[in-house]
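You will see chain A twice below: alongside chain B first, and alongside chain C after that.
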Partner chain A sequence: MKVLVFIKRTPDTAAVVKPTPDGKDIVREGLAFIINPYDEFAVQEAVNIKSAKGGETVVMTVGDDASTEQLRRALAMGIDRAILVKHDRFWELNPSQVGYAIAEIAKKENPDLIIMGKVTIDDYTYALAPYVAQALGYNLVTYATNVEYGDSTMKVERESDLGKEVWEVPYPAVISAERGLNEPKIPSVMGVMKAKKKPLDVVEMDLPSYAYEIVRFTPPPPRKGVKLLESVDDLIRVLKEEVKIL
Partner chain B sequence: MYDFYLLDEELTPEERQIRDVVREFVRKEILPNIGEWWLKGEFPTHLIRVFGEMGLLGITTPEEYGGLGLSKRIYGIVARELEYGDSGIRSFVSVQNSLVMYPILTFGSEEQRRKYLPKLATGELVGCFGLTEADAGSDPGSMKTRARKVQGGYVLNGSKMWITNGSIADIAVVWAKDDEGVIRGFIVERDFKGFSTQDIKTKISLRASVTSELIFEDVFVPEENVLPNARGLKSPLMCLTQARYGIAWGGVGVGMAVLDEAISYAKERIVFGKPLTHYQITQEKFADMLADLTKIQLMVYRLADLMDSGRANFRHVSLAKREAVRTAKRMAEKARGILGANGITTEYHAMRHMANMEAVETYEGTYEVHTLILGEYITGVPAYRICDEEICGD
Partner chain C sequence: MKALVFVETVKGKVKEASLEAIGFAHMVSDEVVAVVVGKGVEKNLKGVKRAYVYEDDRLEIPLSAPIAKVIEEAQKKEGAKYVILSATPFGKELGGRLAALFNAPILDDFTGYEDGLFVKGFYSNKVFAHIKVDGDMVVLSPRPKAFKPTDDQTEPEYVDLSVELDDSLFAAHPVEIKEKSPEDIDVTEADIVVSGGRGMGSAENYQKWIPALKDALAKATGMKVAYGASRAAVDAGWVDHSHQVGQTGKTVSPLVYFAIGISGAIQHQAGMRTSKTIIAINKDPEAPIFGLADYGIVAKWEDVLPELIEKLKGE
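Take a look at the complex of A and B:
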């Protein structure tokens, strides 16, 4: 089976993100970056599929030169080769532009399966997997928590507020990874050394233009301190007079 | 992680990635559990194979023997990151790499290398290093363990003390004097008749590490288990130079750990209505700690270059081990003070590191022994020897 994984370079979940003075971007200098955590489930899933069923695994991203760090990490986790679709301000791209790039690569690579995270933690659009499936005419299952891979179909579990669903889906397909799909492994030192020798192709691509602009980033308001109250009467008074919800 | 002089920028992208995966491993597997292991006096044996899978055993061992053939600098970075977690964890890895795999590689036969090194690299085999005795620590040349030549091998009698990994080891690299009084190296396997171990349970330092006594009662060691190229005290001391180098980096790891912890605590801790960081006394402590840390960081980085280019000698390593560990101990003590009463618990890391540093300052050449090594280098007078007629004149 051939699996294509899409990942994105995102700020570390523990990083403190601040807007730039003009409010149109975040300060990227000195910020720690990681593979989007949901994409890391996708990488691990591809590695698991290859170790169980053989085949080939390819990881791609749309990103700047620094995004090779994340591609190398995916290679260190066990992916066979990597493709960087070069874009110096990739964080400004819309899901349809990134989705176009993925679809273009997929047309050349012909994967049986495309896996990516259900969402990226920096833009929260949830739109990428549906876009890619639509563009390619592939089947789609979102928020996968467990998959059994058969020869021509796969059984995908997804969890919703209504309970668990199991879908049987023929290849080719796109799945978006939810937490719980697997436990991503920390790469080994050997993995890092092997990754150095694996192919990493850089692709230039004209992406469709899209008429949208980020107007302003605003940080969340700072959390107010805890106020200790003396009695229930005090609580009722605060809820009435200060919070004004009673 | 304080890297004030941006020394890690010297690392190659791969070296940085190796640093990051080890760091991540320590954050995920070690830090959440180490307080409990330390209190219970347990070494996490379930992680031994994981160390192997991660590639932490046999870092500098050539690839043909199952190692990774990487630089001393990377070995140092790994030691630093592991000791950010705990000295006991780093000690395990140091012993396997520097005190077991290094002597087999350096002094062993080709058969011995092929038999032991690949399995030591995966963690399938655990090793220990038996040099110190109860009455022969700083003066290992006065060891009492004897290797009597018999047909087909040697018979070992004696005991070794304070041996890291002793009771969990499958093989022990043991140093003993032969019939001519020459120190020789032996690979003693766990099931050799007459070989037994006993753990030292009353430690209040390095508690998440196995420390044992090795006992040899008429242990027959076949000729094929004698390290053919080891002769004299120089051989085990060469191993110690390798291990001490890793320990120096480990001291830096402790320094980084306690500074990180103390700063994040001081930012949150409110005293007299404002955070602890707002007080000049606290700021002075932090400035001292950052200066101390930066000095030892610069030192180990330079030492790594000297090691990798073959220009370092044991004296360079002595200075680094002496300074890094003493500095780390002093930093841990300051950090513990900043943490106040919380600092005396295992919920926080500073006091565990401080207690660990007491053992680390003593093992692998005490602070005083390294002082004397440097003293001899500077003055030409070997002050640790019993008065030499030529020097003392009597």
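Take a look at the complex of A and C:
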């Protein structure tokens, strides 16, 4: 089985993110970057599939030169080779442009399975996996928490607002990973050494252009500050008179 | 400018979030039309000029591949500039498909619209992006609870839509659904979220007191109440991760968010800082959650919850 994984370079979840003085971007200096946590589940899943069933694993991103750091980490986790679709200001792209890039690479690579996180924690889009499935005519299952890989179909557990679902999904397919899909492993020293020698191709691609612009970033609206309450009676009064839910 | 709103139904029932999407559509459009898909769908829409109805037994619960095709048919007739759908879990999936299908830019899960710009929390709500998006067609999915249903009482003309849906569109489908009880409301769709964290001490404490407060609030307010958790509580196995609020969980903006025994790490704040009112109960006066909360009680939860639940029963 051939598996393509999409990852994105995002600031660490613990990072303090602030707008630049002109508001056009966020302060990027000094930020620690990671593989988008949900994409990390996708990387681990591909590695697990390969060790169970063999085949080939490919990781890709749309990113700047610095994004090779995340690709190398995915290689160190056990992915075979990497593709960087180069874009110097990738964080300004619309999800449809990123989705287009993934689909274009997938058309060349022809994987049986494409896996990525359910959401990117930078621009908070959930659109990538479904975009790619639609663009390629692949089957789709989102928010996957457990997958059994059969020969022609997968059995996928997922959570929806209805409850817990089990889906039957024929290949080729796109999976979006939910927390719980697996436990990503920290790469071994050996893995890191091997990753340095694995192939990493850099690709230039013309993306569709859209009238999409982040005009400015602002800090979150300040909250009004905490009012400390002394008793439960006080809280009940607040719920009645100020919050007005009772 | 025209907006085509997708109305999500489950077992025929229209989702509240879709009515909010219609409400939002009125902010950007002077003509709002809709497409309703499902089985035995309710016909109770307001504020919509025309509503296309596609009924199919296979879509008693929504599936994104065939529904994208139905929306494509409705859009062929309407040529709307905006295709709008609520960012429910299903809507977020369908939105991505529509963006690809229509070759359009997408903005999903945004929470505001001010001065012609869309407002959306980026980097887990640590900053807010003010976004301009335009084009012949744009896919927009407002977050549930972020916008209000419209006051416009226009009742639509209902038009049956006929679409040939190939079986291949149903190739990926659920074979088993363990439905959660109707009271188990998703945290993203609740009016009130009651969350517990590490400070609750044990699974027993969490599982006894958080649902008890949830039920008491639901009875006292008549609102939709869900229970949530911090990552620590989920990692400890006290509750399923579908209830996790935070950067690697869900992002919520309820009317009221109760944080109980939650210190308020930056990752948790990311998931709940857009709540209208935040009430924190924590014994540590230095807990970061008090920097965000509107109301706080510095106390052990054991000294607050039993009394609070008892007093809510009297309301």
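Methods note: the second predicted complex is superposed on the first by the 220 of 246 C-alpha atoms of A that agree within 3 Å, B and C clash if a C-alpha of one lies under 4 Å from a C-alpha of the other, contacts with A are read in each partner's own complex, and residues count from 1 in each chain.
Please note the rule applied: a contact is a pair of C-beta atoms (placed from the backbone, for glycine too) under 8 Å apart; a residue touches a chain by one contact, two chains touch by 3 or more.
Because the structure is a prediction, the values reported are computed rather than measured.
Asks: Quick one: is A:Val189 in contact with chain B, with chain C, with both, or with neither? Answer first, second, both or neither.
Replies: A:Val189 contacts chain B only, not chain C.
Asks: For A:Arg72, decide between first (touching chain B), second (touching chain C), both and neither.
Replies: So A:Arg72 only meets chain B here.
Asks: Should A:Ile236 be classified as contacting the first partner (chain B), the second (chain C), both, or neither?
Replies: After superposition on chain A, A:Ile236 lies in contact with chain C alone.
Asks: Is A:Glu165 contacted by the first partner chain B, the second partner chain C, both or neither?
Replies: second
Asks: Could you look at A:Ser152 and tell me whether it touches chain B, chain C, both or neither (first, second, both, neither)?
Replies: Neither partner.
Asks: After the superposition on A, what does A:Tyr126 contact: first (chain B), second (chain C), both or neither?
Replies: A:Tyr126 contacts chain C only, not chain B.
Asks: Counting only touches as set out at the top, which of chain B and chain C does A:Asn110 meet: first, second, both, neither?
Replies: Neither: A:Asn110 stays clear of chain B and chain C.
Asks: If you tally the residues of chain A touched by each partner, is the higher count for chain B or for chain C?
Replies: Between chain B and chain C, C touches the greater number of residues in chain A.
Asks: For chain A, which residues belong to both interfaces, chain B and chain C?
Replies: none
Asks: What part of chain A is in contact with chain C in the complex they form?
Replies: 11, 13-19, 26, 37-38, 94-96, 99, 103, 121-135, 139-143, 159-170, 173, 178-180, 208, 210-221, 223-230, 232-233, 235-236, 238, 240, 243, 245-246
Asks: Report the residues of chain A in contact with chain B in the complex, numbered from low to high.
Replies: 69, 72-73, 76, 186-193, 195-196
Asks: Provide the residue numbers of chain B that touch chain A in the complex, in ascending order.
Replies: 13-14, 17-18, 21-22, 24-25, 28, 53-56, 59, 68, 70, 78
Asks: In their shared complex, at which residues does chain C touch chain A?
Replies: Residues in contact with chain A: 10, 61, 64-65, 68, 87-90, 92-101, 103-109, 117, 120-135, 171-180, 184, 186, 189, 191-192, 217, 220-221, 223, 241-242, 244, 247-249, 251, 255-256, 265-267, 270, 273-274, 277-280, 290-298, 304, 307-308, 311-312, 315.
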